[in-house]
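The structure that follows is given in the form of structure tokens.
Labels run A, B, C and D following the written order; every chain starts at residue 1.
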Amino acid sequence: MLELLLSKYNYWLYVILMMIGLYAMLAKRNLVKKLIGMNIFQTAVILFYVSIGVKTGDVTVPILPYGHHHGHEQAINVAHYLNPLPHVLMLTAIVVSIATAGVALAVLILIYRRYRTLEEDEILKINQEAGT
Amino acid sequence: MIWQLDLFLLLFVIICALAAINVRDLLSAAIILGAYSFFMCMLWAEMGAVDVAFTEATVSAGVGTVLFVAAVFKTVRRSKD
Amino acid sequence: MTHQFPALIIVVPLLAALATPLVGWKNGRLCYYWAVFTMALVCFFAIGLLRSVILNGPISYHQGGWAPPWGIEYYVDYLNAFMLPIIAVISLIVIIYSKHSINRELGGRQMPTYTLILLMITGLMGIVVTGDLFNVFVFLEIASLSCYGLIASGQDGAPLATFRYIIMGTIGASCYLLGVGYLYIVTGSLNLADVSQLIPPLYHSRVVLSAGVLMLVGISLKMALFPLHTWLPNAYAYAPSSVSALIAPLFTKVAAYLMIRVMFTLFRPDFFTTIIPATTILSWLAVTAMMIGSFYAIAQDSLKKMLCYSVVAQIGYIALGIALANKAGLIGALLHILNEAFTKGCVFLVVGAIIYQTGDCTIDHFKNLFRRMPYTMGAFTIGVFSMIGIPPTCGFFSKLSLLMGCIVDHHWVFVAVLLISTILNVIYFFRVIKVASFEEPEADYGRKAPYDQVRMEEVPLSMRIPIMLMAAGILLTGIFSSTIAKTILIHIVPAGF
Amino acid sequence: MLRSRYQDIIAQTIVRIMVPFVQIYALYVLAHGHYSPGGGFQGGVILAASLVLIFLVYGYENALERLKLATAGRLCSLGVLIYAGIGFLCLLLGGNFLDYSRLAPIFQVSLPRARSLGILGIETGVALAVMAAMYSIIMDIVNSDTGNGESHAAGHEIENGETSSDGK
């Protein structure tokens, strides 16, 4: 059990982070806090992906020290490099997360201009009073 | 990958995450979120994902924090929870 | 040239979207013609692809010349080829319609609106055409982000509804992404066809099981299947009317397409029927969605809100068809996607027209509407008939196929629910028609012979023609539904059904 | 609120010294992106960050003098047009979309070199678009109480998500 906990600590911690994010999204009433939770949730997924690409042992970052214009092409042993594919995917995911945050913040400013508050319960109260 | 450093950074990441969602001042929350992103980026650099770390440092820790701070300045700083 | 169409169908709307600010530089009105022109081109590509697939079989396109599984593959088979023209035609019609409506509801903001609309169509096309699991996520987020922007430009409670949608949508997309990551761990590939060949020996591994469940949950969130539907009604109801006419027929249907892809192409059908009982759970959720959606729809005062709950109910039909996992059920689900696209498009356009003429869409204010807007309400009646399932319309054939699917597998409860929900459909739609055509104006209207003095106040021609086109689409797809089923849908049904 | 309240001589001097270096670093990141971490998106973000730095220290109007929002919007479109133009060029030369090897005869270079140059061209387009989009989002959010800035911001935001997804 301890073995399982220790050898895969990345995965355990990604789950913890994800749950922190989920908790903030569902339980917090302040909308900015929800947004922060969303951000944490997305980074947790990215952490998970980065953990996939990790190798132990004699490995290095996936950057070739020579380019093709140096003339000689050496055979590349993939076992010496980390798997770069999950990293490349996560570049896009980071961009998506910042884009979502931007849209959400713009929406938050709209909400604030209308209700003058960012607490969900107060907004619902205002809505109810307007409805009756 | 050095697992001691890894664990240390992960601990910081989690502390920052908890602080960001629990602090009542939203400006502090935004800044702590920036710190969270930065620790995350160090963690990834340490795990070998330099490209991801670089992007996270510029995008989330840099521009993302500016976005959050700007939005907090435009709205309200206090939060009830 | 046809072999370049899979790339063009995405690149053309994408480019057009980003060139919209340049087109609308001096005059924002040009954006409308630009969008119509682009969508006409996209329609041409989509129909060309459909024709090519029917004649020559599936097309595989290697982005940048990299062969799969290394490069990104765009793959068009019968299912994609069936979805693409639906998206293209519906959005062309809605964009033609949107001229006056966007002018009135969004003022001078045509340029950002058309940019976002074209981007959303790019995203939807991308989800359908791509054969790469991660690429699906990217396009899903492009479509969702532009959808958020469009909904947020609406009235009243739109920002709050959008915020909820953003939170829920992000959870859904992240779940899907996690599922893809789990599959990547065990297979090392992201190409849909490649992964589907690699995983069958691993079906009992816990990683694959959780991957399947996560992907299914994520897609259900985007699709607004019953317990996860809460974001949908408000978001769609507060959006500007031409925007809701665009997203209500398309967005959830594309998510349904994704569900079919994941359940029957990525995994073999028996994975979700026997190894995990997903189809059983899904079918019960689907029938609950049908009932709950219909009950909520009955309780609404506003026609637009009612239609939004009706979207939830109709998603139940599609999910039921998918979850039955037999030939008749799947064909029913696919026909229902086609039917729903035209029907919801039609009725949402009508709602837009009513809002355009009268300023609101509370059902009690609809008196004499049949006399004032005969063409529009005529189209609405056809839409209602299709929603209920009256023969010449497509709704009848899709429901018939769904019923057949239930009967073949002896799911008598589902048969009963299908019939009951049809009755509920009748109840909530005939309330509208009753008010609009049979109720006399109130006494204090101040007229002695009100019926003679009601003047015809139809919407402009550029709104009326799209509405009529949608209505014609409902009838045509109904009449030719057996042809469609024979030439296209039968090839979609996976082997072993 | 972020406007001209915190004007400070020390911050202004430091930013004046820093901004050119930040921009040169951004260009390095952009140009060296296919050998090391970085690329068009990151370079564009750093470029935008240098402009945001000017805005934070010298004030809103001063930043607008350097890059107007309307110009930023057009730069964004221009960047994407560069990207798509290269893609279409490959398509017209008989390859698939973004098949850079087809560019070799035009530039009179070897195949790998053509791929490298093609990627550089694409990255330049992405950097321009991202720089403009990021800048206008931040400016719009900051300025949102005076007009209908945020729907505009949302629009640019998505374009930005867009370009980067192509950058993948």
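In the analysis below, a residue touches a chain if its C-beta (ideal position, glycine included) is under 8 Å from a C-beta of that chain, and two chains touch if they have at least 3 such contacts.
Here the structure is a predicted model, which is why all the values come from computation and not from measurement.
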>> Per the definition at the top, count C-beta pairs in contact and tell me whether A-C or B-D has more.
In response: A-C
> In whole angstrom, how far does the Cα centroid of subunit B sit from the Cα centroid of subunit C?
Replying inline: 37
> So how far apart, in whole Å, are subunit A and subunit C when each is placed at the average of its C-alpha atoms?
Replying inline: 29
> Taking each chain's centre as its mean C-alpha position, how far apart are subunit A and subunit D in Å?
Replying inline: 23
> So which bits of subunit D are touching at least two other chains?
Replying inline: 37, 41, 137, 141, 144-145, 150-151, 154, 157-158, 161, 165, 168
> Which residues of subunit A are in contact with two or more other chains?
Replying inline: 63, 86, 88-89, 91-92, 95-96, 99, 102-103, 105-110
>> Among all residues of subunit B, which ones touch two or more of the remaining chains?
In response: 50-51, 55, 59, 63, 67, 70-71, 74
> According to the definition of touch, which chains form touching pairs?
Replying inline: A-B, A-C, A-D, B-D, C-D
>> Applying the document's contact rule, which stretches of subunit A touch subunit D when the two form their complex?
In response: 63-64, 67-69, 88-89, 91-92, 95-96, 99, 102-103, 105-107, 109-110, 113
> In their complex, what parts of subunit A are in touch with subunit C?
Replying inline: 22, 25, 31, 34, 38, 41-42, 45, 48-49, 52, 85-86, 89, 92-93, 96, 99-100, 103-104, 106-108, 110-111, 114, 123, 127
> Inside the complex, what are the residues of subunit C that reach subunit A?
Replying inline: 134, 137-138, 141, 145, 148-149, 152, 157, 159-160, 162-163, 166-167, 170-171, 173-174, 177-178, 181, 184-185, 190
>> For a test of understanding, state which residues of subunit A touch subunit B in their complex under the given definition.
In response: 9-10, 13, 16-17, 20-21, 23-24, 28-30, 32-33, 36-37, 39-40, 43, 46-47, 50-51, 53-54, 56, 59-63, 82, 84, 86-88, 90-91, 94-95, 97-98, 101-102, 105, 108-109, 112, 117-119
> Considering the complex alone, what residue numbers of subunit D touch subunit B?
Replying inline: 1-2, 37-38, 41-42, 45-46, 48-49, 52, 56, 134, 137-138, 141-142, 144-145
